[in-house]
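Here chain A shows up in two complexes: once beside chain B, once beside chain C.
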Partner chain A sequence: MEAIVATAIGILTACGIFLMLRARTFPVVLGLTLLSYAVNLFLFASGRLMLDAPPLIRAGARYTDPLPQALVLTAIVIGFGMTAYLLMVALRAMAETGDDHVDGREKS
Partner chain B sequence: MNAHTAIFPILIPLIAALLQLASRDLGLSIQRGIGLSAALLGILSAVWLLQLADGGSILVYALGDWAAPVGIVLVVDRLAAGMALLTALLAGASLLYASGGFDKRGRHFHPLFQLQIMGIQGAFLTGDLFNLFVFFEVMLLASYTLLAHGGGLARSRASLSYVVLNLAGSALFLIALGLLYGTLGTLNLADVALRLQTAEHDIALARLAGALLIAVFALKAALLPLSFWLPHTYAAAGAPVAALFVIMTKVGIVAILRVQAIAFAPSPTMADLLTDWLTPLALMTVLFAALGALVATRLRYFAAWLVLASAGTLLITPAHAQADITAAALYYLVQSTFIGAAFFLLAELIAERRGEVADAIQSGPSFQSPWLAMGFFIAAITAAGLPPFSGFLGKLMLLASLRETAAGAAIWIVLLTAGFLIIVALSRTGSRLFWQHNPQTQALVTPATPWQSVLAVLLLIAAGPLLAIFARPVADYAARAATQLHAPGAYVNGVLGTSGHLIVREARP
Partner chain C sequence: MPETALLPLIVASAFIGCLVPGLLARFGRNMSALGAAGVMASCLALLIPLIPAVLNGKTLLTAYTWLPDYGLNLAFRLDGLGLLFCLLILGIGLLVVLYAYYYLPESDRLGRFYSYLLLFMAAMLGVVLSENLLLLVVFWEVTSISSFLLIAYKRDQRDSRHAARMALAITGGGGLALLAGVLLLGYIAGSYELSVVLAEGERIRNHALYAPMLILILLGAFTKSAQFPFHFWLPNAMAAPTPVSAYLHSATMVKAGVFLLARLHPALAGSELWFWLVSGTGAITLVYAAYIAFHRYDLKGLLAYSTISHLGLITLLFGLDTPLSVVAGVFHIINHAIFKASLFMAAGIIDHECGTRDMRQVNGLFKFMPITATLAIVAAGSMAGVPLLNGFLSKEMFFTESVGHPVFEDMSWLLPLFATVAGILAVAYSSRFIHDVFFNGDPIDLPRHPHEPPRWMRAPVEILVVLCLLVGMFPQWSIAPLLGAAAGSALQTPLPAFELAVWHGFNLPFIMSLVALAGGITLYALRQPFFALHNRLPSIHANLVFKRLYEQLMIFAHRVVSWLDNGSLQRYLASFITFVLALGGWAWYSGSATLAVATYQPADSAAFAALATLMVGALGATLLHRQRFTAIIFTSVVGLVVALTFVRFSAPDLALTQLAVEVVTIVLLLLVLHYLPQHSPAEDSGPRLMRDAALAVGAGAGLGATAFAMMGAPFETISGFYLTQSVPGGGGSNVVNVILVDFRGFDTLGEITVLAMVGLAAHALLDKLILVAPRHDSDGRPWAKELHPLFLSILMRPLLPLALAVSVFILLRGHNMPGGGFVAGLVTGVALILQYLASGIDFALQRLPRHKAKLLALGLLLAAATGAASWLFGHPYLTSTHGHIALPLIGEIELASVMVFDLGVYIVVVTTVLMVLAQLGRLSRHHEEAI
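Take a look at the complex of A and B:
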C-alpha cells in the first residue's frame, strides 16, 4: 500500500509541477490543484498508513493517528478557498488584459 | 485579565473586521472609526503585552485550554511582543493614511485590512508550526485582495503571479510540516526543539524538513533566488497596502530567526543547517537590490528595492545565531520597517503632485511643497544609512557586531558597496524629483492632501529621528529580546512545563 500511495503522490506532484510551468493561466490553476491533492495525500500519510484502525485510542487496540486527518481537513479547506480565489484572479486578469497568458501578454 | 492579554492583538482586529462587515451599509466614516479605534486598541494591547513580556518570563496562552504539546499555544517572549507592537504601530499609520481617501477606491477595504493585521499578529505570536501555516494563509488571503484594491491592469497582473507563487509556497510549507510531523511526531515548536536534541529520529528527513521550512520562510522574506516577485508586487500595490506589506517580509525573517534559534541551533544535527549558504545568498540579495534601486524608473519600484535591500541585510544575521548580532538585526528591522513604509506613502503623495509624470524618476513639473521635500530628505538620509538618523545607527550596530565573524570582511564590503550604490540612487532620485523641472510638462491642480495622509507620513518619517534619539531604550530592549531568544531552554520549559516534558510516545512504524 505504501508503494501505491507513494507512486500516486509522486505522479500527482510531477503532473502538478509540469502544468504549473505552462504559460496559460488555466493549466497553471489545474497544476496547483493537482499539487494540492498530492500535498494533502502526503500530509495524510505522515501519520502512517493503517488499515481498519479507528482514530481513537483505546487500551490495547490499534489506532490510526487522528492529527494528520485534522491537518489535512484544514489544508483542504484553505486550499479550496485559495484555488477559488485564484480562479477569480485569473478570470479578472483575462478580462482586463484580453489574454490568458500568465504575464498578461505574449512575448513578441 | 493579564492571562488573556496574549490573544488581544489577534482578537481585536478580528472583532473589528466582523463589526465592519456588519456595518458596511452605514457609511465609510463608521468603518473608519471602527478601524482606527481597533488600531489604537491594538497598539495599547501590544504595549501592555510588551510590558508583561519584558518581565523576562515566557507568556504561554493555551488556546482551548489544552496544554502544549497536545493543544495549540500562543507564546509571547520579548521578540514576539516587540514584533506585535511594531505591527500595530505600522498598521495604525497605514490605516490613518488609507482613511484619507484610499479606502474609497474599492470595496471592503477596512475588514480586509483588519484581517491582514490579524494574520500578521498571529504569525508572530503562535508557538505551533501548523498554526503558523494557518495564520500565514489568513495573512496571504487578505493580502491577495488588498493587493488588487483599487483595480487596474498592473494590479491584475501582479496579483496573478503573487497568488500563484504563494500557493506554491503554501504547498511547500505543508510538505515541510508533513515531513516534520512524520519524522518527529509533533508540530509544537518547543516540542520540535526538544525532540531534535535527541537522536531518536531520522536525521536526514528532519534536516530535509527543516530546509524546506526555511525555504518557505525565505520565499516570504524574499531571499535572492526567491525574490523576483517582490519589486513588481509591492510597486503595484496601493500606497497604504504596500506600507503594510513591508512587515510581511519581516514575518519571514522573524520566522527564520525564531526557528533557527529555538529549534535548530541547540540541536547537534541541525545546528549547521543554515551555515554556508544563507549568508552568501543574503549578501547577493543586498547587491541585487542595490543594483535594482540604481535602475528603478519609478519611485514606487525604488521603494520596493529598498525594502528588498533591508530584507537582504537582515537575512545575513540568522545563520550566526549570536545574541549580539540578532540584537543589532532587531534594531535595524524596526527602523527599516518604518522608513520602507514611509517611502511608499511619500511616493504616492509626490506622484499626486506631478500630473502625468507621476512618480517616474525624471524631470517633471515644478511643485512647491517644502514639507514633502523635507520629509523625503529625512527619509532618504535614514534609508541610506547616513548619520544622524536611525538608519546609520542600525547599520553601524550590524557592522560592528558582524566584524568578528568568519565572513566579516565580505559582509562589510558588500554592505558598504550596496550602501554607496543606494546613496547614489537616492541622490539621483531626489534631485530629479525635486530640483530638475521640465517646463514642457504640466502639473495638474495640486489636490488638497487630506490631513490623515499627511499625519501618517509625518509619523512614519519621524521614526527616523525618534529611533535615533531613543536608540538606547530600543537597542536595550532588542538586546534583551535577542538574549532571551538565544537561550531557548527557557522557551521550551515555559511552553512544555519544567517537569519531564517528553511525553512518552510509542514507537512509530
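Take a look at the complex of A and C:
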C-alpha cells in the first residue's frame, strides 16, 4: 500500500514539475495544482496510512495521527487560495502584455 | 563614575556628534562649522582628565559585553599610543575644521562635509581606542567607508567618484584581509582582547598559522598605509578637497596602517618573516615613492608621493625591530603628521589663491604671499630633515638605527647607504617644492592673481609650523613625555635609554644628514637630465592596471549575473530544482538511511485501480497540456482520486475539503481559461523538453523514494496530547477540527488572513480590468446563443437552500464529526457558483451581499474577537470554553466558544470565493454583452 502511495506522490511531483517548467501561465498553474496534491499527500503520509481509524473520539476506537490531517486541511485551503491568486495574476498579465508567457514577453 | 567610563563616552559622543553639523547646516555654514568644532572640542575635553594617568604609564581599560559568544565586546583601552593618536586626530581635526571653513566655497553649507569628517573622526577614535580586535576591525571598516564619502565629496566630478571607488576597493579589500588575519590571531591567542594578545607574543610566533595570519594582517595595514604595491590609491585620493587630504591622507587615516603595526608589534614582531616583510616593503616604498615624488608636477601629487615615502620610512622603522627603531617610528608618526598636514594646507592655500597647483605654472609666489611662503618653507625643511626642525630628529634616529643594525653584520654599509639615498631623494623633492613654487622666476598664466589668504585660513598652518619648531628645538621639554608613553605601549617592555637632543656630536648619522642635504640639493640642481631620462623610461601605471583589472572583474560579474538572472522564470525554476536535486542526491549518498524498518501493508486491487486512474489523470494532463481544456478535465480526475485516498486512509475531513476545493478550483480554471489562449503554442525545443523531463523525473523519483522511506521508518506520534485532550479540553470529538480551531487556533487565524488577502487581491488585480474574450471557441465555432439553459437554472434554484442547509449542518457538527468552517464555507461557495453558472452573474450578484470587503472584515474580526474574549475571563488568547445545548432535530450538540471562531472561518472562506467569483463574473458580463 505504501509503495502505491509513494508512486503516486512521485508521479504527481514529476508531472507537476514538468508542467511548472513550461513557458505559459496556464500549464504552470496546472503544474502547481498537481504539485500541491503531491505535497499534501506527502504531508498526509507522514502520519502513516491507517485504515478505518478516523480521528473522531469514540469508545474503544483506534485513531490515526490527527496532526498531519490538520496541517493538510489548511494546506488544501491555502493551496486553493494560491491557485485562485495565480489565475488572477495570469489574467492581469494577459491584459497587460497581450500574451500569456510567464516572462511577460515572447521569447526572442 | 570611574574615569575609564569616559572612553566609550568619547567614541559614542563622536559618533552621535557626527549628526550635529548636518542638522545645524540649515542655519548656515557658520553653525555647522561651530557644531563640528564643538563636537571635537567636547571629545577632547572628555580625554583631558585621562591624560596624566596615561603619561605615567598606566593603561586604562573598560569593557561592556556585546556579542560575548563571538568574542566581540565593547572593550576600550587608552594607553600612550592611543593617547598620541587621539591627540593627533582631535588636534589636527580642529585645525582642519577651521581651515575647511575658509577653503570650501561660500555656497557650500558644509553640513554634509563636516558630518562625514566627524564620522571619519569617530571611526578613527574607535580604531585607536579599541581593546577588542574585532571591534577595531569594525571601526577600521567605518574609516574606509567615511573616507570613500570624503574623497567623493565633489560627487558631480567623475575623477572624484573613480578615486573614491578605487580607495574603497583597495582599503576595503585590505580590511577583509585584516578581518581574516584578526580571526586567525584571536584563534591563536585564544582571545580577541589586546591585553591577552599582546602578552602571548611567544606563543603566537611559534604557532603553525603564524605566517598566513601575519600576511593577512599586514595586507590590511599596507593597503591602509598605501605601501607598495598598494600605494596608487593615495595619489588618486587627492581628488578630495584639500582639507580632507590634510586630515585623512597625511595625518590620520593612512597612519591607521602604521598604527596597527605599532599596536600589534609586541604580539607579531620578533621573527625573521616580520623583519623581511615589513622592512622590505617599507624600504621599497620609501625609495620608490620618493623617486616618483621628485618627478611630479602636481603640487598635491608631490605631497601625496612624499607621504607614501614617509609612511614607507615608518614601516621600515617598525620592521627593523630594534627597541630604538620602534621609538623612532612612533616619533616619525608625530613629526610627519605635523609637517605634512601643514604642507597640505599650504598647498591648498596656493591652489585656492592661484587656481592651479601645477608647478610648471606656479612659480615665484614668495613675492605674493611671503608669510605663507615662509611657513611652507619651514615645513618643507622639516620634511627634508633640516636641523632644528622636528623632521630632523626622527630622521637622525633612523640614520642612527641604520648604522650597525644586527641583521646586516656582513654588509653593515648597506643599510646606511640606503638610508642616505632615501635622504637625498627627500631633500631633492623638498627643494623642488620650495624652489619651484616660491622662487624660480615668475608665475606663468595663473587663472587668478595670487595673494595672501584670509587671516584665519593661515592660522592652522601657523600653529603646526610653530609645533615643528618647538619639537625640533626643545624636544625634551615638548614631546618627550608623550613619545615615551606612546613608544612604551608600542613596545610593551621598559623603554630603551634614548636622548632627545638636537646635537649628538659630530658622528656618522650627522655626516649622513649632511651628505643627504648636499646630495639632495645637487640632485635638484641637476634635475633636467634626470627628468629627461625619467620621461624616456617606460611607465607602468598602477592606475591602468587597476582600471583594467576592475573592468575585467565587472565584465565577469555582469556575465555571471546575466547568466543567473536573465529574467526568465523558467531558468530560475530549473536552476532551483537542479540545486534541490543536487542537495537531495548529496544527502542520499552521504547519509546513512536505513530503509524499510516497519512492515508495509499489503496492497489491494482498489489501490491499484486508484493508482492507475491517478496516472491516467496526471500523465494525461501533462502530455496533453497544450490542449488546455482537456488538461483541466484530466487534472480534475487526479483531484478526485486524491479525495478518495483521504477517505480510504481515515481522513474524512480532508476528503470533504478536497472535494469542495476541487469543484471550486475547476470552475475557476474554466472561467479563467475563457480569457486565455485555448492552446499552448508548440514552442519548446527538443533539448529543452528533455531537460525538463529529466528534472521532473529526477524530482519525482526523489520525492517518491523519500516518501517510501519515510513511511517505512519507525514512527511515534506526537499527537497523543491532542487525542487525550480533545474532548475534555476542547469539547469536541473531531480531533482535526479541535486542533484547527482550538489547539492551533492562532495558526488558523493566520491562515484565514492569507485567504482574506486573496479576496482583496482579486479586487486589486481585476477591478476595472477589461479583457476581450474570443467570439468563438478554438475550433472556430460560435458560442451557444442560449447562455443559461432553462433546465439547469430551474434545477439549480431549489438546490441553493438545500445546499445552504447542508453547509450550516456541516458547520455546526464540525466540532464533533467531519466538517467545520473550512468545509462549510467551501460548500456554500460551490452552491453559489452553481447559481452563477445556471443563471448568470447578474442573477447571482443581485442576491448576494454587496459589501464583500466588510463581510471579510467581519469574519476576521469574529475569529480574532473570540480569541480576545478569553482575555476578559483572565485566560490567554484563544482559550476556549464549552457546554451542551439541545437543538430540535439536530439533537444535543456541544456548544464551544470556538464555534464562533469557526463561524469567522466560514465567513472568510465564503467571502473570498465570492470576491474572486464576482470579479471574474464582472469580466464575463462584457462577454455576454458582446454576444
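What we mean here is this: the second predicted complex is superposed on the first by the 102 of 108 C-alpha atoms of A that agree within 3 Å, B and C clash if a C-alpha of one lies under 4 Å from a C-alpha of the other, contacts with A are read in each partner's own complex, and residues count from 1 in each chain.
Following the convention adopted for this analysis, a contact is a pair of C-beta atoms (placed from the backbone, for glycine too) under 8 Å apart; a residue touches a chain by one contact, two chains touch by 3 or more.
It should be emphasised that the depicted structure is a prediction, and the values quoted were computed from it without experimental measurement.
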item	value
Greater chain A contact set [chain C / chain B]	C
Partner chain(s) touched by A:L43 [first = chain B, second = chain C, both, neither]	first
Contacts of A:D100 with chain B and chain C, given as first, second, both or neither	second
Chain B versus chain C as contact partner of A:T25, first or second or both or neither	both
First, second, both or neither for A:F80, with chain B first and chain C second	second
Touching partner for A:T7 - first (chain B), second (chain C), both, neither	second
Touched partner set for A:A90, first chain B, second chain C, both or neither	both
First, second, both or neither for A:I57, with chain B first and chain C second	second
Chain B/chain C common contact set on chain A	20, 25, 38, 40, 42, 45-48, 67, 74, 78-79, 81-83, 85, 89-90, 92, 102-103
In the complex, chain A residues that touch chain C	1-27, 29-30, 33-34, 37-38, 40-42, 44-58, 63-67, 69-70, 72-74, 76-85, 87-92, 94-95, 100, 102-103, 107
Of all residues in chain B, those that touch chain A in their complex	130, 134, 137, 141, 144-145, 148, 153, 156-157, 159-161, 163-164, 167-168, 170-171, 174-175, 177-179, 181-182, 508-509
In the complex with chain A, residue positions of chain C that touch it	567-570, 573-574, 577, 600-604, 607-608, 610-611, 614-615, 618-619, 621-622, 625-626, 628, 631-632, 635, 638-639, 641-642, 645-646, 648-654, 657-658, 661, 664-665, 668-669, 672-673, 675-677, 680-681, 683-684, 692-693, 695-697, 699-708, 710-712, 715, 717-719, 722-723, 726-727, 733-736, 739-740, 744, 747-748, 751, 754-755, 758, 761-762, 765-766, 769-771, 816-818, 822, 826, 909, 912, 916, 919, 923
Touch list for chain A against partner chain B, complex	20, 25, 28, 32, 35-36, 38-40, 42-43, 45-48, 67-68, 71, 74-75, 78-79, 81-83, 85-86, 89-90, 92-93, 96-97, 102-104
